[in-house]
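Alright, structures below, take your time with them.
You will see chain A twice below: alongside chain B first, and alongside chain C after that.
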Partner chain A sequence: MTALASILHVVLAITLSPLLLGVINRTKAKFAGRTGQPLLQAYYDLGKLLQKGAVYSSTATWVFRAGPVVGLAATLIALAFLPLSGAPGLGAFPGDLILLVYALGLLRFMTVLAALDTGSAFEGMGASREVQFSMLAEPVLLLSLAALAICTGKAGLSDIFASLPTLDSLQWVPTALLASVALFVVLLSENARIPVDDPNTHLELTMIHEVMVLDHGGVDFGLIQYGAALKLWIFSALFVGAAMPWRIGQPVMDLLVGVGGVFLSAVFVGVVESVMARLRLIRVPQMLASAAVLALIAVIWAVR
Partner chain B sequence: MEVVSDILVVLLLLSNLYLLAASRITACIQTVALQAVVLGVIALTSAAGGLTLVVVSVTLATMAVKGLVLPWLLRRAIRGADVAREVEPFVGFTTSVLVGAGLLVISVVVAEPLCSSAPADVSAMMIPTSLFTILTGLFIVVTRRKALNQALGYLVLENGVYVFGSSLAIEEPFLVELGILLDVFVAVFVMGIIIFQINREFDHIDTDKLSVLKD
Partner chain C sequence: MYADTSASVRNGQIIDWSDPPETSLGQFRRMVIEGVGDGARLSALFAEPERSSEAFRLTAVLAWPEENALSVVSCPIGRSYQSLTPECPAAGWFEREIAEQWGIHPQSHPWLKPIRFQPPHCGEGGGPLARRAIGLADFFRLEGEEVHEVAVGPVHAGVIEPGHFRFQCHGETVYHLEISLGYQHRGIERALRGGPDRRTRHYFETLAGDTTIGHATAYCRAVEALGGVHPSARAESIVAIAAELERIANHIGDLGALAGDVGFLPTMSYCGRIRGDVLNATAMLCGNRFGRGLAVPGGVDFDIDAALAQEVLHRLDSIERDAVSAIELLFDAPSVMARFEGVGAVSEQSARAIGLVGVAARASGVPCDVRHEFPYGIYQFTQMPICTWHSGDCFARAYVRWLEVQQSLAFVRERLRSLPPGDLNRNVSELRANQCVVSLTEGWRGEICHVAITDDRGRFRAYKVVDPSFHNWFGLACALRGQQISDFPLCNKSFNLSYCGHDL
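The block that comes next holds the complex of A and B.
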């Protein structure tokens, strides 16, 4: 039954993740009083991009072509270890949280390399910003997962999220709360959402993620967009694991509740984007440092 | 019960970190007022001798003075001095937050031997958090330029002392409790007047510029 839930989770993540972008956009549109784009817009975009051909610069090497493919593969690997309430990861083993974090690191590394390979100074600037912010976001992610690991005494991601609600003493409540706030900040930062980066803007001065993929077109760009949607799903699932650790007891039902939670967190992202302005670039490290301190408090709480 | 106490302590911790990171002085004043309310609830939930009339009235008086009267006084001083934010503290805001993390670790280590004497039903993090509040207050007093923020740091320091008392379930005599409250009130009152006077005399409240004064 749990194996079925795991497989179902991967299938749902692969099919539904572009819908998350639609939900975020719809939420923002509701706040602004607009009708907004169709919920399935991300699917239409992907369909259009996949039918196009790709154009490659004559100065770009194989690294540029490998970037999107390896990036998507790394994201899929991370997805295989991702638990969502009730459904453990497909290939769960003790210590897989490090693998998940570094599979996402590989995705970032390949995107940065592909951006640098184009030789454009502009893309180099984007790559530098991306690396700077993710350097600050990665410790936050690892620290908050470590806090949950210490709290439950388990080393596997699936075990951690499965045993969180079964702990006797309620000591885990503050840890889970603090860790979920820190994870949400990481979600916003790693997925280029508003307080850090504006996904809709094409204004050169503010771009981080968008600027790195400017030279990709057609199928490659489709793969990158799809990978970004999957990445959003992965971070939302981690956030839901820490923020909604309740179980019904029936794996498939739990999974459906978890999927609901993932979409709820997409709505939450939309609300944050509607009520906040983008931070100035020099303020972003401060936000990430505060999140790191939150994660550190979660660790201290778990150790005691 | 321990969960309630835990969440209150988390709130206290977060308010300290916010004070270290925030530059807008009105926001800082509101946070200190919120801290006073959290302190009152902590004192009420962890009162060792039960909720007697004396305990309740002293706690409510503390909450009223620290949560309403003092913020009102400081807000009045802001209007008089016409400052909205701390522009360039001696230690930057990001660094302050990181130093805050270091202070928290120090207070957890230092509080280790004290924790065994704490009552069982309060959060295990209460004593470290009270020490952290004291250290945060000291840090704000030392690193901020504006006299108003230094007054706020003094208030945070006093809040830390207060929560330290209630975490060890020390039943202070009624008169001592009232005396401390009066002291704090008078201190902040005097600070408010001094800030106003400094501002009227020098057109700013940057304390570091006062060190070069000669007669």
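The block that comes next holds the complex of A and C.
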């Protein structure tokens, strides 16, 4: 039953992740008094991109072409270890949280390399910003997961999330609360959402993630967009794991509740994007540092 | 004031130009430099060929706000003269324009380079700025470790006008920004010569599409002065109503765009819609959302009857209600204020030195507004307060816009409720020969200056257009010094200058 749930989770993540973007956009449209684009717009975009050819700069090397493919592969690897509610990660093993974090690190590394490979001033600027902010976001992610690991005494992501609710509530609730706030900040930062980045802007000079992929087109760009949707799913699932650890006891039902939680977190993202402006770029590190402090307090509470 | 050697006139008053006052270059330089130092604004500076000889005549329009007077100074020059820019920075772009249009060399100009990359108005050009492909020029370069250059445009990621921006950066900090325009040059000043004809009015209505009424009014007032016609108070009221609606629409649109640039969606979406409502109100007046076809020399082509006035008043109520809620939300959001405050500040001193006009100048605490200082049309009979703010940053430029929207709404309401009787259109038949007229109006961006000079037959011998953007682009470059490069779009939007108004 749990194996079935794990497989189902991977299938759901692969098919439903672009829908998360639709949910975010719809939430934002509601706040702005607009009708908004169709819920399935991200699928239409992907369909369109996959039918297009790509143009490659004569100065770009194989690194530029490898970026999107390796990036998507790394994201899929991370997905294979991702638990969601009742469904443990497909390839779960003790210590897989490190692998998950570094699979995402590999995705970023390849995106940055591909951006630098174009030699464009914009992309270099975007790469520099991406690296600067993820250098601060990665420790927050690891610290939050470490707090939960210490709290439960487990080393595998799936075990951690599964055993959280079995503990004494005074022991796990504060840790999970702090960790989930920190994870949500990382979610916003790593997925290029407001207040860190603005996914809808057309202003090259303010972009972070979008500017790094300006030179990609066609199928390559489709892979990048799809990878970004999957990445959003992964971070949402981690957030849901810490914020909604309760279980019904029936793996498939639990999984469906978890999927609901993932979409709920997409609504949250939409709300955050609707009620606040983007931070100045020099203020972003301060926000990430605050998240790091929260994660650190979570660790302290867990080892106490 | 230098009454002895210059013509001192009111806004829109004609000057006999058959025998312009004789001034030497030395006197001319002294009058311009000291005048600007004494508080005059350099509204225009241009050259045109003399009628009888190979030489040129350099003409400056100085606007004296405290005296409500314009002095028109001119002097004959040859192929080169001593540049005014080192002593009077506001002349910088004007002198680049003169050098490019006529091949005249302003000696010791600190940064002489093409401004629009346009072909010279006469002869081969050559001169200091031989014609070259657009955008090809020397850019100021910063040298050193880890210094990098970022080039943006002329093709941008969004649907905006083309312009090239060259940043000299160290990390994320901008040390210098140079702006290179000219991609929208259409040769309007050249096309206006020999006018007015049936096309002339349409050139002005599309000179800068968002300032249709502003430029059309300036043109109509120039022609009315040359033709000796005074429009009725009713016609002047209707033009002023349209001009203020244009201001309201653009300011609200800008506030929405500013919100969009910092990713604050509610205000962005609502303001985009409200701007449309205001444009629709303009369309009710004359059938065109931008007010094309409304203002004509001698008056207007469309009347506002009582029912229409009531309908527009009714619409203004809902526009104001929506605008208040959307825009107060913007100014009440701490995350937005954190982006606006202290970003892209221009000091009052710099604003005066560069010669900024309009919203950008008022946001730096310079109280300049043609409607108040050099009133024209219906503004002569009604007081238009000047809205200023002291900080000179993006917040100030946004807040001054909001203050002006409120003032304009009140003004439009008052005018609609008390439209004076009168005929709509008094035809202008013949223009007087050998006259010069300076027509200033306050477009929504700032001061619009038109200078028309007629020949022996009463046709335009020269027609000079100065859009407020021409004064202000350099202000944007200065505002970026020491700022984060990621704040450039926000600063740019807070100025929201016209590319085609500059490029003509």
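Brief remarks follow.
FYI, the second predicted complex is superposed on the first by the 302 of 304 C-alpha atoms of A that agree within 3 Å, B and C clash if a C-alpha of one lies under 4 Å from a C-alpha of the other, contacts with A are read in each partner's own complex, and residues count from 1 in each chain.
Please note the rule applied: contacts are C-beta pairs under 8 Å (C-beta built on N, C-alpha and C of every residue); 3 or more make two chains touch, one makes a residue touch a chain.
Just so you know, these numbers come straight off a predicted model, no measurement behind them.
Using the contact criterion defined above for the overlaid structures, shared-chain residue A:L178 touches chain B, although it does not reach chain C. Look at A:V293: by the touch rule set out above, it reaches chain B but stays clear of chain C.
Counting the residues of chain A touched by each of chain B and chain C gives the higher count for C. By the touch criterion defined above, A:R280 reaches chain C but does not reach chain B.
The residues of chain A shared by its contacts with chain B and with chain C come to none at all.
Here chain B touches chain A in the complex through residues 2-3, 6-7, 9-10, 13-14, 17, 21, 93-94, 97-98, 100-101, 104-105, 108, 124-125, going by the rule given at the top. Per the touch definition, chain A reaches chain C in the complex via residues 28, 31-34, 121-122, 124-125, 129, 194-195, 198, 200-206, 214, 273-283.
If you check the complex, the residues on chain C that touch chain A are 148-152, 156-158, 172, 259, 261-266, 268-270, 273, 333, 335-336, 338-339, 343, 484-489. Across the complex, chain B is touched by residues 169-171, 173-174, 177-178, 285-286, 289-290, 292-294, 296-297, 300-301, 304 of chain A.
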